[in-house]
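One structure is given here, and the rest of the page talks about it.
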Amino acid sequence: MNAFDTPKLEYFELSPLLVVFGVALVGVLVEAFAPRERRYLLQTAVTVLGTVGALVMTVLVARDLKEYDGARGAIAAMGAIAVDGPSVFVWGLLLVLSLLSALLFAERQLDGGVTAFAGQAAALPGTEAERQASSQGLEHTEVFPLLMFSVGGMMLFAASNDLVTMFVALEVFSLPLYLLCGLARRRRLLSQEAALKYFMLGAFSSGFFLYGVALVYGYAGATDFAAISQAVSGRVGGEGLLLGGIALLAVGLLFKIGAVPFHSWTPDVYQGAPTAVTGFMAACTKIAAFGALLRLFYVGFGGAREDWTPMIWAVAIATMVVGSLFALVQSDIKRMLAYSSIAHAGFVLVGFVGLYSGGPDSVQISSLQAVLFYLVTYGFMTVGAFGIVTLVRDAGGEANHLSRWAGLGKEAPLVAAVMSFFLLGMAGIPLTSGFTGKWAVFTSAAQGGAVPLVVIAVVLSAVAAFFYLRVIVQMYFADPVGEGPTIAMPSVLTAVVIAVGFAATLLLGIVPGPILDLAGNAGSFIR
Amino acid sequence: MSFPWLTAALLLPIVGSIVVMAMPKHGTIGRQAALGFSVLTFALSIAVALQFDTGEKGYQLTETHAWISAFGAHYALGVDGTGLVLVLLTTILVPVVIVASWRDADVGRWSTNAFFAWILALEGLAIGVFSSVDVFLFYVFFEATLIPIYFLIGGYGGPRRTYAAVKFLIFSLLGGLVMLASVVGLYVQSAKLNGGTPTYLLSDLHPLMQDVSTSTGRWLFLGFFIAFAVKAPMVPVHTWLPDAADEATPGTSVLLVSILDKIGTFGMIRFCLELFPEASRWATPVVLTLAVISVLYGGLVAIAQKSIPRLIAYTSVSHFGFIVLGIFVMNSQGQVGSTLYMFNHGLSTGVLFLVTGYLIARRGSRQIQDFGGVQKVAPVLAGIFLVGGLSSLSLPGLSPFVSEFLVMTGAFVHNWWYAVFAVFGIVLAALYILLMYQRTMTGPVTPAVAPIRDLDRREVAALAPLLALIVFFGFFPKPLIDVISPAVETTLTQVGAHDPSPAVSPGDVPAAEEAHE
Amino acid sequence: MELYTPVIALMALAAGFAIFSVVVSGLTGPKRYNRAKSDSYECGIEPTPQPMGGGRFPVKYYITAMLFIVFDIEIVFLYPWAVYFDEMKLFGLVEMVVFIATVFVAYAYVWRRGGLEWD
Amino acid sequence: MTHLIFTKAGEADLNGPFGNDPLWVVLLKALMIFVVLVLLTLFNIWWERRVVARMQHRIGPNMHGPFGLLQSLADGVKLALKEDLTPKAADKIVFILAPVLSVVPAFVAFSVIPFGPEVRIPFTDTTTQLQLTDMPVAVLFILAISSVGIYGIVLGGWSSGSTYSLLGGLRSSAQMISYEVAMGLALVAVFIYAGSMSTSQIVEAQKDIWFGLILVPSFVIYVIAMVGETNRAPFDLPEAEGELVGGFHTEYSSLKFALFFLAEYINMATVSALATTLFLGGWRAPWPISLWDGANQDYWPFLWFMGKVLVFIFFFIWLRGSLPRLRYDQFMAFGWKRLIPISLGWIVAVATIRAMTLDGGVDRQTLLIAIGVVAAITLVAFFFGGDYEEEADEETADAFDPYAGGYPVPPMTAPAYSVTGRTVSHQTSNQES
Amino acid sequence: MSATPFLTLSAILFTIGCIGVLTRRNAIVVFMCVELMLNASNLALVTFSRVNGNLDGQVTAFFVMVVAAAEVVVGLAIIMTIFRTRRSASVDDASLLKY
């Protein structure tokens, strides 16, 4: 009989995760026991307070990270989770963005006093039951616990230090998202279809991921990254298993990132999902997935970089090309933003593939730092932009067709101006965070020797700029068609989200230093 | 630490822009404020100029603060002679444009205030461009200028302004992003050469870039050069300019051609030449050829134009050919001439655009064929137009003559073939200016032209300073040359070029005298 | 693997018997065709052409199935924990209490929302 | 994750005495189990009829064989001679496959039941365990295998193409899976105490005291769940003759029907045997007999084992004879709302007790806090439980759809339903007066 | 016993699942194919667990089952909603969001 180690958990290091999941559970309990009319307020309060609490814990953990094997951090939960600089950074980012998303979720002033979520998901669209549900003011306050579960899963995903944890986390954050996608109050059919597609393709991709886990396990004999890394560096036979495993794992992760050729879900899902959910998904999923991608490929497969770099090169190029070109012909703002997010994924991949770690005490920008920083800039811009999308409405709910945005600059100068700012940011114009972000990833890639890739990326970001401009042109230089859109007066919730997004985009464009340094200080991964 | 003059000059218009935006929409208070701010900025720039020591080489009035350490970027401002001249040009032109465009924006899509606010914002950013001595900072300003001008073109002007604005932006963005690739490359190189500490500060980069490998240097140079070539519209990437000039309001056109496009030629001197001397020398033949082609092509096409603003735009293409020619001949005559040319071209083209703008606004058409005999009904207008035109074709006694002469000298010194071809440009200039004058101003008064009023006092007042300067510097260019020469010398040292013959640079001796005084 | 060989033996035996029975019943029994005999049996009334809802299950059963999955999984985790409980002692206890409490939250939700109601 | 759990189950020692039998022994044992089960079924049917008859003051089968013992056999032969009908709405292949799918797992589940200790096979020198095989996850194996049996029922009900069958099959499976949860939870306590899931080791662990005595709640829950699991009265709702005309096997006839019948009775035996193994010491002799040293050797344990199993069978019959059938909602509510929370609570309690006994120096405070938390959650759940006002509101708010679910149903508000008998009489009395 | 047959089987199952997802049009069938892929992975995991001589793979398989179950719950809920709305479970019918 083997000795049996009693497992132990590092409660302090894991506290942000525990808080988030705890809050999610509290949310479920609130759902179960609080009277219906008080649920909305309670849920909002619980979610916001919980997120803030988790954020505080994250900061505390970040300040207290100990030296570990040349970097700072700790391996927690029997090697399942790595709480290191990048993890904590991503946690903080995810929490802030999910806080903003939660505010968007809670907005109920835009649509006549109800949230953007279906009154009763089970009621069939267009039936008496649905009408009643909406007339009674029913609402799914379950979206808050779902949000929290998803956030928890994302945090775990980015910090997972072995493949099993990663797989479980992948599902933990995906499953609530699938549901959230199908909960739009308006355009239920679209929303349900989005949920179905997202689910089908998501499940498909996680199947690939899992088979990759199996193959890598077969190769390395273990699922934790340290052992994988060791096996990969040692290169003891079984090449096929390793390469197949890497490829399949990459499929799973690239799907979540929305990289070509695994992007086909993105536009449909972004368009169909409730806009608040889209914003959350666009920002946070990508961040979490990139966190995991970085960790898996840098830590686990760092020794096999020659094998996977060409693949990522190709994917990055394809992603940028498809994202930029297809966005050109979109006529729906959410679809356009979806393709834009694909293009952004391509840009981040450029930074990712640079694989530049910086010298021991150089101040040069490392790939990790660049990618993390880009994610920050991207996250805030995206949440802010989707926040604005919720404001532009007509009789049938949100007016997402681009032609409906015509003349917005005259109708609502402030909204149009802020939206333009976000769009310019996404296009990477200086004085916005989009520029500093792009600069960071391109630089790190160039340092890693991926100069041709950088050149391609630069050219494509010019193409990308064009479709952002189209929206600006539409808003400012085109005359409204028919009635023209109306701008719903947002409550303070959405206003805060947009304001924060705007401020972050501006500040990170002008003084990105602190956040860059923070990302730099995050140090490197531990294993 | 001394007072941050340049920062003040940069911030004042930007603050002004915000203030103007916040002004009440009705009445003229907004534009009055805008004028006030621009005049103040002008005053500030004069103050800067007064503190500028023409005897010193290198950047003056510098302010350096670490900005983004991870990027190696600094908030670093400073001007040398070239920069100062262009800053001055900017601050002179903006109040003129504001006065001249007093009512232009009333018919635009948006409020008049927005128009003036954008102008002020543009002014601030342009000052930033001309005074930044950090590549990153420069790039930020460089790209940021696109936004105000984009809205100025797209928001106020002719029927196809949207198209023109987008075309302009796409060209500029493409160029800018190509430059971004080079900026990124510069970072990588600087970090490599500087032992892991990247820097964008020009003063740090100058020594570092001497060691950059030949091929890398050439690639980086190309990135910068393409961006600047787009900006200073050189054939074959000039096609955005005629459209933009055609559709924009005259004021916008002035800002675009007289100020913004100078960023291109300014950038060539400051970045292409100074940072990548080897590559610059390597590229010289091609660049010079392109420059000559620009000169000739711009001139020829200008003759064929039917629309007045397009014609002026093409003359600018031709003029920019001269400027680039002067820059890349790599001797002091050429470069001093070029820098001077930038200033003078700003003035003369400004006059042309504004005065034809008045004309077009009165007639309601910009086709040359729609005019005729204007000088009979509006003699003042025709007179000013003539002066502007003559200055544009470099009539001796008017300021552009000096610069064009210097550029030609430089070209001759470098390789007389270029000069020979460039001379044809001068001939063409005479042709297109005089032809235009003849077709529009002389001849019988067409019925449509008959009701045209002559210029009123505001309009004349707007143009008067420009005319005065044209004439003044036509006879007495020394102050400018004094300012420019040290900068040119620095550049040439950096490039490693020497004047082939004993210096006959007209600037050298007087500059020394000035210093003694 | 040897542990499972006997299982296969028994399974083969049982399957052989069952299939034999199915086959034999077809041979031994009489065959008298009667249209009514091959109809579905519905107490003598005209049978519905299809089972209700075209063979689809009422939603209630679906919820039961979901709940079953939830709890079955809980059990799957409880078993190894139980077997190794002696080695984990307090840690095992605390963690499992947390685990059970978590599942209980879901359970409470379902209960309160009427997921356990039958009519 | 490298050494989280299961490392104890190193393979060499886990096989123990199993897996080494020669093939003929394996076949012999398999055959014996098969024969025993078939005979046991025949016996059980007869026994049930006799006992129930006695309870109802009848005589029961007494014509065929001594005491009518061959009655079941006669019934079987009769079934074999009946016409084998296949409804035309049926899905033929599944329809034929379903009974097979139902009966095979029933047999297979018995492969890990220990009938006795190591014995010598008569007329040979070979010794072997009186158990077909064992595995470290034997109990899990049984649960898994018996779950497969549910497929037989569901598919049988579905493939018949008949409403009654479908509903019966569904109810049946819903019921089985519902009670399987409770059953599974009841076993956890046993594993805590036995430290193994292998049936033979569990029996071994009960050398000193039966788990049925120290884990009474588990035992009770298991017994209740096993009745539900086997669809026996008072939980025989799927077959509910009055409502569903026999449930999922309405359309089955001849030997196919017999197979379902066989499966049901074998399942009865299986759960009884499992109960015996887990809670009543398996093949170990009961107390007074256990004082005799030879009681747990040779083939004697088989006797004790069968005796205990038959006690359970008798219990089944007894229940059927004495209790009325439950209403379906009551039945499900009992399973989901009572058995499951109680089992969970009991597991926590057992674990706590076990942890305390194992480790005297347990930090009491931590423990108390943990217990307090659980107790609080449970309490809250129950305190609020039972009050579903809001959901009820929703339901009444829905317009009545008489065709809900595809069937015309008279609304509750219809005149015939809305007035109860008493009010009717009241009204009539009013009219009269 | 050689691991190859098991791995081959697992690969075949995975491929079948994969092809099924790509070619079948009924949402439920597609979904079942996905589950088949997960279970193929489980088979591979358990096989590798034996090959590698540690139990990580088996533990992983445990987690996978859990996850698969959760996925079933969510997936069926979504499919059912769509089905109730459209009276069809064909993936092709869900085409409002075509570009």
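Labels for the chains are A, B, C, D and E, by order of writing; each one numbers its residues from 1.
Rule of thumb we're sticking to: contacts are C-beta pairs under 8 Å (C-beta built on N, C-alpha and C of every residue); 3 or more make two chains touch, one makes a residue touch a chain.
What you see is a predicted model; the values in this text were computed from it and never measured.
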item: Any chain in contact with chain B as well as chain C; value: A
item: Chain closest to the assembly centre - both centres taken as Cα means; value: A
item: Farthest-lying chain, centroid of Cα atoms versus that of chain D; value: B
item: Which two chains share the largest set of C-beta contact pairs; value: C-D
item: Approximate Å spacing (C-alpha centroids) for the pair chain A, chain D; value: 48
item: CA centroid of chain C to CA centroid of chain D, Å; value: 12
item: Separation of mean Cα positions, chain E and chain A [Å, integer]; value: 25
item: Chain A-chain C separation of Cα centroids, rounded to whole Å; value: 39
item: Where chain D touches two or more other chains at once, by residue number; value: 1-2, 4-8, 380, 384
item: Residue numbers of chain E (touch at least two other chains); value: 54, 56, 59-60, 66, 70, 77
item: Residue list for chain B, restricted to those that touch at least two other chains; value: none
item: Chain C-touching residues of chain E, taken from the complex the two chains share; value: 1, 62, 65-66, 69-70, 72-73, 76-77, 80
item: Residue ranges of chain C in contact with chain E within the complex; value: 1, 59, 62, 66, 69-70, 72-73, 76-77
item: Complex interface listing, chain A residues touching chain B; value: 359, 361-365, 369, 409-410, 424, 427-431, 435-436, 438-440, 442-443, 446-447, 451, 454-455, 458-459, 461-462, 465-466, 469, 473, 476-478, 511-513, 516-517, 520
item: Residue ranges of chain B in contact with chain A within the complex; value: 67-72, 109-110, 139-144, 146-147, 151, 154-155, 161-162, 165-166, 169-170, 173-174, 177-178, 180-181, 183-185, 187-188, 191, 196-198
item: Contact footprint of chain A on chain C as seen in their complex; value: 84, 87-89, 91, 95, 102, 105-106, 108-109, 111-113
